[in-house]
Amino acid sequence: MRPPKFRKVLVANRGEIAVRVIRALRELGIASVAVYSDTDRDSLAVRMANEAVHLGAAASSESYLAIEKIIGAAQRTGAQAIHPGYGFLSENADFAEACERAGIVFIGPPAAAIRKLGSKTAARRLAIAAGAPVVPGVQKPVLDLDDARHIAAEISYPVILKAAAGGGGKGMRRVNTEGELEAGLRDASSEAERSFKSSEVYIEKLVTKPRHIEIQILGDRDGHVIHLGERECSLQRRHQKVVEECPSPVMLACPELRHAMGEAALRVARAAGYYNAGTCEFLVDEHRNFYFLEMNTRLQVEHPVTELVTGLDLVHWQLRIAAGESLALQQEDIHFRGSAIECRVYAEDPEQNYMPSPGKILGLKEPSGPGIRIDSGVYPGWTVPMDYDPLLAKLAVWAEDRPSAIRRMLRAVREYSVTGIQTNLRLFQEILEDTHFDAGLLHTGFLDEMMARRGRGEEQFEMHDIAAIVAAFHVARQQPQRTAPSAERTSLWRSAGRTEVMR
Amino acid sequence: MRPPKFRKVLVANRGEIAVRVIRALRELGIASVAVYSDTDRDSLAVRMANEAVHLGAAASSESYLAIEKIIGAAQRTGAQAIHPGYGFLSENADFAEACERAGIVFIGPPAAAIRKLGSKTAARRLAIAAGAPVVPGVQKPVLDLDDARHIAAEISYPVILKAAAGGGGKGMRRVNTEGELEAGLRDASSEAERSFKSSEVYIEKLVTKPRHIEIQILGDRDGHVIHLGERECSLQRRHQKVVEECPSPVMLACPELRHAMGEAALRVARAAGYYNAGTCEFLVDEHRNFYFLEMNTRLQVEHPVTELVTGLDLVHWQLRIAAGESLALQQEDIHFRGSAIECRVYAEDPEQNYMPSPGKILGLKEPSGPGIRIDSGVYPGWTVPMDYDPLLAKLAVWAEDRPSAIRRMLRAVREYSVTGIQTNLRLFQEILEDTHFDAGLLHTGFLDEMMARRGRGEEQFEMHDIAAIVAAFHVARQQPQRTAPSAERTSLWRSAGRTEVMR
Amino acid sequence: MKRFIRNGSVEAMLEMEVRGGLVNASISGNQLAPRNHSLSVSEVEPGVYSVLAGTRAMEVRVTKAREGWTVHIAGRQFTIDVVDPREASACGKGFGRQGRQEIVSPMPGKVVRVLVEEGSAVEEGQGLIVVEAMKMQNEMKAPKAGKVLALAARAGASVTAGEVLVTLE
Amino acid sequence: MKRFIRNGSVEAMLEMEVRGGLVNASISGNQLAPRNHSLSVSEVEPGVYSVLAGTRAMEVRVTKAREGWTVHIAGRQFTIDVVDPREASACGKGFGRQGRQEIVSPMPGKVVRVLVEEGSAVEEGQGLIVVEAMKMQNEMKAPKAGKVLALAARAGASVTAGEVLVTLE
């Protein structure tokens, strides 16, 4: 295909997604402009872009959320369009409008569609009108505790409270009984206020053991919209996705579901006047009923699994559509080949309740070879700042079927090594070896359940011994032995009787 | 698919292909045994294998060609099968037989098929009998200079001399006129003797501007054989491949050719009683006539481009077939999606006639992101030994069509950086930007012609200046400035009038 | 060369002899016969060792931990302390609790809220201070009832991992 | 800070001032007005610099060459010598040819054949010695007619890049 018409595009984001977009721009022969905050001067995105513009302090409000600074950077460098990535300004209708006013193309849907879908309650009304099923609940904001009590009793417990402006699990609380409602409402509202500057919260029926499955859609400015199948995103911690895959195991058992959900997503997209890439999120219950949740009006973190299975490049298409091209693909052109899985590598310690672990990356060894794709935003020697999201890189694999993809991912995770900071890499090994995961029995509570049922494996003598020997060897290399050893003294440890056999 | 039955497999090779096979073994849950020579103790293959056995000195005869040592290593570790990779013992029928005698499965074709196809003259006779077209020439070894004169005159100049036992461009000489015949015959024979311990040489008509295109085949022990399409391998230096792709540009213009060549390859394979993976090499002339050259009875270096386009894993299939599985695929199951290109990253300097550049790798930055596959055998800090082939890594890309694949490869090559030793990475940039390459006008003399027609690009002031400034900055950081600068003296350079403006 | 080794809560004595790339080692504790190992150990990258135990191959990564060393083998992680017996007595750290408790930041981050004041009484489990990093807030809770002796952090301050935030008595 | 710069056969004077991550530099030669540059230079990995010239971003890699430094920018390669003017006189290497010619190995490898003997006369272009590395043989040829003065290498010997193999007169 021929490259689209843009000569220069600004990437209004950071981390791995900025790198991802810069790579697409390079592939299309378009010059790239990175923007950066104080802590990101040495980021991989700045290293790879053709141009880079400083925005301001580390705080997002001073940099990646500063609309005027970003538009100014585009004007200064002559960028014709802005790709917002995900997060930050990507779902901000004001930003999309500000771009248009400045004569810069916003690479995403029209501002009007962002507004229609931006509030979950509004999106829900739109979905109902378009004929897409939704979770039982009340689509208007909760007025007060009494109102909440009334609604919850009507749709019956357990229920879930959600921030109307929310996303990423912020401002969400499960409420099992009326007794928990007051605290839940207070927490959800204040978190929503902090995160989104709006304390608006609504109530929904809690679907138990739901799968979180989303449908990728792609549409052009002429109203031609298709879907690119689903992504299974049920593996979550703190309501944030950790492992995603395509196809969903449930689709392998029930292929008609893809068509039905795809049609529902297209109805929502058409009703919103949507174009460019977008994603409809659904819950799927144990009986394979699906419920529209919300539409993400941007590129998703987990878009690579769709790319691997369909063979399409979503960022290329985003750029083409934004440049005014028609979507040359029909629904019947979309073929699904094999199976893809993505693991999100976070700087966090799963053993300490996913405690963030910013800091300097001392060593980095990434897997490679057949079927591996890495979208990384870091490099050895880079200090991962404490100011942003802990996503370091996305590791995705493709293989001919799900069992092969799982084994390939396991191989890749074992090749992957990050030292200097904690990561969740070891957790993936456990997930991939879990028999429930292997069976495809996924739901949004999967990860918490897996952590709860894990037992400490049998420990082997030998691994402990080798670890000890290599550590001692390493220390000896770093601190060469003194030439004149002094008389040996008995260890305090030993004399205290605390020397035991190593288990 | 379920993993094949082997529990442990020895990899009788080194470098990137040993790593490739170890990865496949990991993915199939099979334990891997690496073997290594003195210089390869710290190789990536040894680091990644489950077990490693030392063979002997660096010289291949003491290590990777030492049949008894390798079989001994398999017996000692309890390996049930041996994967020979490419090169070394991979096409050695004696080795295949020795494995069988020791009760170890040789992962490749039967020894009898290797023998039938091992000599190019014998393979040619087999191909003629099977009804595959061959290059005009005489399929028996040249007796002496007079015999050579006679044959060459009959098939008309230009002709090419080839080692009967050869491969990899060794023992090959182009002879344009009778005057060049004597020297050519002497050189080809002695090189053949040195390389293959057989000076046997034969004569063929030289096809001018030929494409080198090969067909991948895959067959099981029950005689079921299919082909996986072609690889265009015309970009060569010193008769060794540098860039390969699938589909061949000529197939894009003429899709029937794939079917015709595929059928010819299958006839040869069936006639030889072939199973496992193998490749038939052909020349294709400017009128799209094709001629069988030889069959490589092993995995090819460039197998990734076929894997990327067909979605099949050739090493997985090699292991399955060797374990006795039937090939569950029919010819109509093979679908070709998009376009793949591979670049072979060699430790050599294209500016100095591809001078080898062994040595320590100081820095290594590999590309990643969408559509990139790297099969590497090296890591930063590893010293590339002078004893073996200069192949460091294979960089392959996949994209939806050839123009997109070219642009993606260009993006990947620009991300790739190796310091400490010379590599041919910059050459790929020239190839990928070449208009003849873009047009798909490939032939085996392409690279030499491209080098001949290249002109020095316009040099910019600014790049030179920035290079100088950063070099000076780097030096200053390394050698902190003295605190008390001595009086400045006039430079000898300057006073000698040799200071000029930087161009 | 002799070293005391602490692996988690378990301690042992390591005797080790290095010759070329070969390490012969014996590990002994109170209750079992010594276990002997002969390993080929090669540092392939800084802090990364290729280890062969017989023909068995392993990749071992050693990095500095806050105390001792973190050792990674095949996806498993060990924290190991290595002490020269000649220096062991100097390492005998006081394990006694003096009733005073320091609450340290578990991660580098920013103090977003201080929930107590100096001198105030706190209950077990009561929230003391909230630290934020990477968009995640972490509430430090009182491990036992007591009194806030010192408050080292103010809201808005940046803190490093291990920095004392609150001292309780 | 002043430095003489040699970039291939071209020489120039560089004046440079470093303040924080900002480098202000002026490059001048005999025939043109000085060119001024203001660059943000940050060493992101050892020997790897992220450079911003205005908004233009570049990645620059500097490694030691046999003489001077090899600098990579955007797939292009420069070989640059940096000399402190205070030490420039010490660097004035003799460029004169004394009629004696040393043939050095262009690569690390193994001598596989020696084609001449000490004292023998050779013609221009005559093969002298064959060095092999990575399965490729390289024949060193006489750059001019002369006599073999010294033969430093024997068949089978390992040689390093730049090692003198043959001296011709």
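Labels A, B, C and D are assigned to the chains in the order they are written; within every chain, residues are numbered from 1.
Throughout what follows, a contact is a pair of C-beta atoms (placed from the backbone, for glycine too) under 8 Å apart; a residue touches a chain by one contact, two chains touch by 3 or more.
Because the structure is predicted, anything quoted here is derived from the model rather than measured.
Of the two chain pairs examined here, B-D and B-C, the one linked by more C-beta pairs in contact is B-D. Subunit A and subunit C have CA centres that are 31 Å apart.
If you average the CA atoms of subunit B and of subunit C, the two centres end up 48 Å from each other. With centres set at the average Cα position, the gap from subunit A to subunit B is 39 Å. Across the assembly, subunit A contributes residues 48, 379, 414 that each touch 2 or more other chains.
Within subunit D, the positions touching two or more other chains are listed as 45-46.
You'll find the chains touch as A-B, A-C, A-D, B-C, B-D.
Of all the residues in subunit B, the ones that touch subunit A in their complex are 1-3, 19-20, 23-24, 26-29, 48, 304, 307, 311-313, 315-316, 337-338, 365-366, 368-376, 379, 399-401, 403-404, 407-408, 410-411, 414-415.
Listed in rising order, the residues of subunit C touching subunit A in the complex are 1-7, 10-14, 16, 18, 23, 25, 27, 29-32, 35, 37, 39, 41, 43, 45-49, 51, 53, 58, 60-63, 68-78, 80, 82-83, 85-86, 88-89, 91-92, 106-110, 133-136, 138, 161.
Here subunit A touches subunit C in the complex through residues 238, 347-348, 352, 354-359, 362-363, 386-390, 413-414, 417, 419-420, 425-426, 429, 461-477, 481, 485-494, 497-503, going by the rule given at the top. Per the touch definition, subunit C reaches subunit B in the complex via residues 21, 40, 42, 44-46, 50, 52, 55-57, 59. Looking at the complex, you find that subunit B touches subunit C at residues 33-34, 41-42, 46-53, 76-77, 379-382.
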